[in-house]
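One structure is given below, encoded as structure tokens.
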Amino acid sequence: MNPASEAVLASEVWKFHGDFPALRGVSVSADRGTCLALLGRNGAGKTTLLRILAGLSTPSRGTVRILGTAPRLPMTRARAGYLGHGIGIYDELTARENLLHFARLYGVKNRDAAVSKWLERVDLKRVEDGRVREFSRGMRQRLAIARAFVHNPDVLLLDEPFTSLDDRAIALLQNLLRDAFARGCTAVLSTHQLREALELATHVALLDRGKLKFSGLRTQAMLDAPPSIYSEMETGG
Amino acid sequence: MSTMSTRQKLVYGLGATGTLLLIWNLYRVLLVLPDEMQQGAIYRIIYFHVPAAFVGWTLFLAALVASALYLWNKNLALDGFAASAIEVGWVFCSINLVTGMIWARIIWGIWWTWDPRLTSMFICWLLYGGYLVLRGAIDDAGQRATVSAVLAIFAFADVPIVFMAIRWWRTQHPSPVLETGGLAPEMRLPFWLNVFVFLLIGLAITLLRLDQEDTKRELEGLRRHAHAHAI
Amino acid sequence: MRGVWTVARKDLQSELRSKEAINASVSFALVILLIFSFAFEPTADETRAISGGLLWIAFAFAGALILNRSFARELQNDCLEAVIASPVAGWELFLGKAFGSFLLLFGVELICLPVFGIFYGINLTKTLWPLLLILVLGTWALTALGVTFAALTVNIRLRELMLPLLLYPALSPALMASMTLTTSLLTTGSFGTNNQPWIRLLIGFDVIFTSLALALIEFVLVL
């Protein structure tokens, strides 16, 4: 594996909450243009790992590199897009204002054009001047997706992005991700929605109670019978 | 005796020494020394009122250093020490306030006189009391430690400003002041001895409290382990 | 610095759109001014003597409302996380929020001043510029320290109770200075030669606590 091509690298990462280890010596990596699916039960450490990759939290031990630089540096954060459990958009602003705000935070050139383009792509252009407070759940989710993509990130970090999305939003996100991969973007996404995620994933990693239990290519067998991969991976299949 | 850890031996040692010296000093202060001219018997309260403040500030200073170090290297033992020191220091502040109020009652006939030092101490008592309440409201050990450390730094930075401000306020709005004045020669030894004694006892209790903090952290960690393995 | 302005602009935009916090603060401050007039039955001289204290009590409580709203909005929908994940630095986020809250609270104060002058029969125009200076310095102390403590308590149970509990004791020297200087301006028309130390204290307070906040805020936001 050529180190220069690793877009996301976590090496021997430990994270302690007090004396409790949420992550224990986890090492994962993802090359440019690949999609890594993080699997595991609740409490396995997927969210903790993603937050560290996004620069929201610092590891107790170990190193993390996004596109070769530390995640907390502004230049790294400018090239990464994060979609966490919360949708991260302001209820009292309009759709357009929300995207403009984040475009400003990310230093996007030609803000207005970029915002218009992404509003089109998530099919919210008609309601761009509506307050988010009045949006339906599906519309908010699509706006949240637009927020994560508005600065054309090279690395996408998505925490259970398909959870509670309606079908339309799921299809939209899958299309956006495929386009992103074609451009050479990298994604790390955690998920319970095995089917939707495995369709996109090129690699999978399984976390259990903070430890990495399995990592490798996503196989056709996994795609055919998603729930079986848990038992397969645990037996080293 | 051999089953006790070094820290426990230290605690018992400090505590025993402090207590013995305290008893000896109490005997001297209460029975041997004569009354002060103007204030009578109540003057003896200075031997407790002022040393309590000294020890309180010393512990807060120690907590400041521990907090700053914690932010630098994230060692939770430092957070435990800062919390213990502030808790014990806060108790000594309370002692200072209560003895001050008793003194004011006897000398001036009123419980509270807005004396500059008492007022400043009261504000600091509120500040550090807030620190203790804040710690109780956060469950996550790492977050609790970081937030507490930042607050401890702000609190200690505020202390000299509070004292300065209240002093100016009181020079513009004078009111009864508790005179501590100078110490006659025969008073100096018992006074400084009491400072030393309070320090010993304060340190002993802080270390005891530190033990509790360590155990609590261990328990929290074990509980999380148990939950994680139970799913 | 661009980040500072972006954050402040968004806060002002949000607040001016809904005006929830402004309305609540102005109402609250006016009610305090009103209630005090019942409590004291002031003559003009008495009013002048308590004017500084009265105004700053009203401003301090109104300020807490604005500060609480400022971070409450970030918590909804986990927006704070989205902002911390962006390239904006911790100090930019702090300054942006502090400026936003400062401008909002200053606006509330500008509304309250003439009302105070009318209710209590005090002419404020003679000492307007020095009064505005004290308002700026005192309000900055409130918002800088307030935003810091709000950031400290943002993820905590009893958040709305903890903020005033921590803020007011810590703020007391700045409040004392502001009250003394305001009273002096409204009674004697000048700062007064005895009061020079208070101005220095207020400026010193602002400088020290803003610097501390800028230095330490990153620890609080990225855990």
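In order of appearance the chains are A, B and C, and numbering begins at 1 in each one.
Going forward, a residue touches a chain if its C-beta (ideal position, glycine included) is under 8 Å from a C-beta of that chain, and two chains touch if they have at least 3 such contacts.
Note that the structure is a prediction, hence the values are computed from the model and not measured.
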item: Chain-level touch network, classified as line, ring, star, complete or other; value: complete
item: Comparison of B-C and A-B (more C-beta pairs in contact); value: B-C
item: Closest chain to the centre of mass proxy, which here is the mean CA position; value: C
item: Gap in Å, rounded to a whole number, between the CA centres of chain C and chain A; value: 39
item: Distance from the mean Cα position of chain B to that of chain A, given in whole angstrom; value: 49
item: Intercentroid distance (Cα basis), chain C paired with chain B, Å; value: 32
item: Residue list for chain C, restricted to those that touch at least two other chains; value: 223
item: Shared-contact residues (touching 2 or more other chains) in chain A; value: none
item: Overlap residues in chain B, where contacts from two or more other chains coincide; value: 142
item: Residues on chain A engaged by chain C in the complex (per definition of touch); value: 54-58, 72, 74-75, 77-78, 80, 82, 84-93, 97, 101-102, 104-107, 147
item: Chain C to chain A touching residues, read off their complex; value: 2-3, 6-7, 10, 13-14, 17-18, 73, 76-79, 81-89, 222-223
item: Of all residues in chain A, those that touch chain B in their complex; value: 16-20, 41-43, 60, 209-210
item: Touching residues on chain B, where the partner in the complex is chain A; value: 74, 76, 140-142, 217-218, 220-222, 224-225, 227-229, 231
item: Contacting residues of chain B [partner chain C, same complex]; value: 71, 123-124, 126-127, 130, 133-134, 137-138, 142-143, 146-147, 149-151, 153-155, 157-158, 161-162, 164-166, 168-169, 172
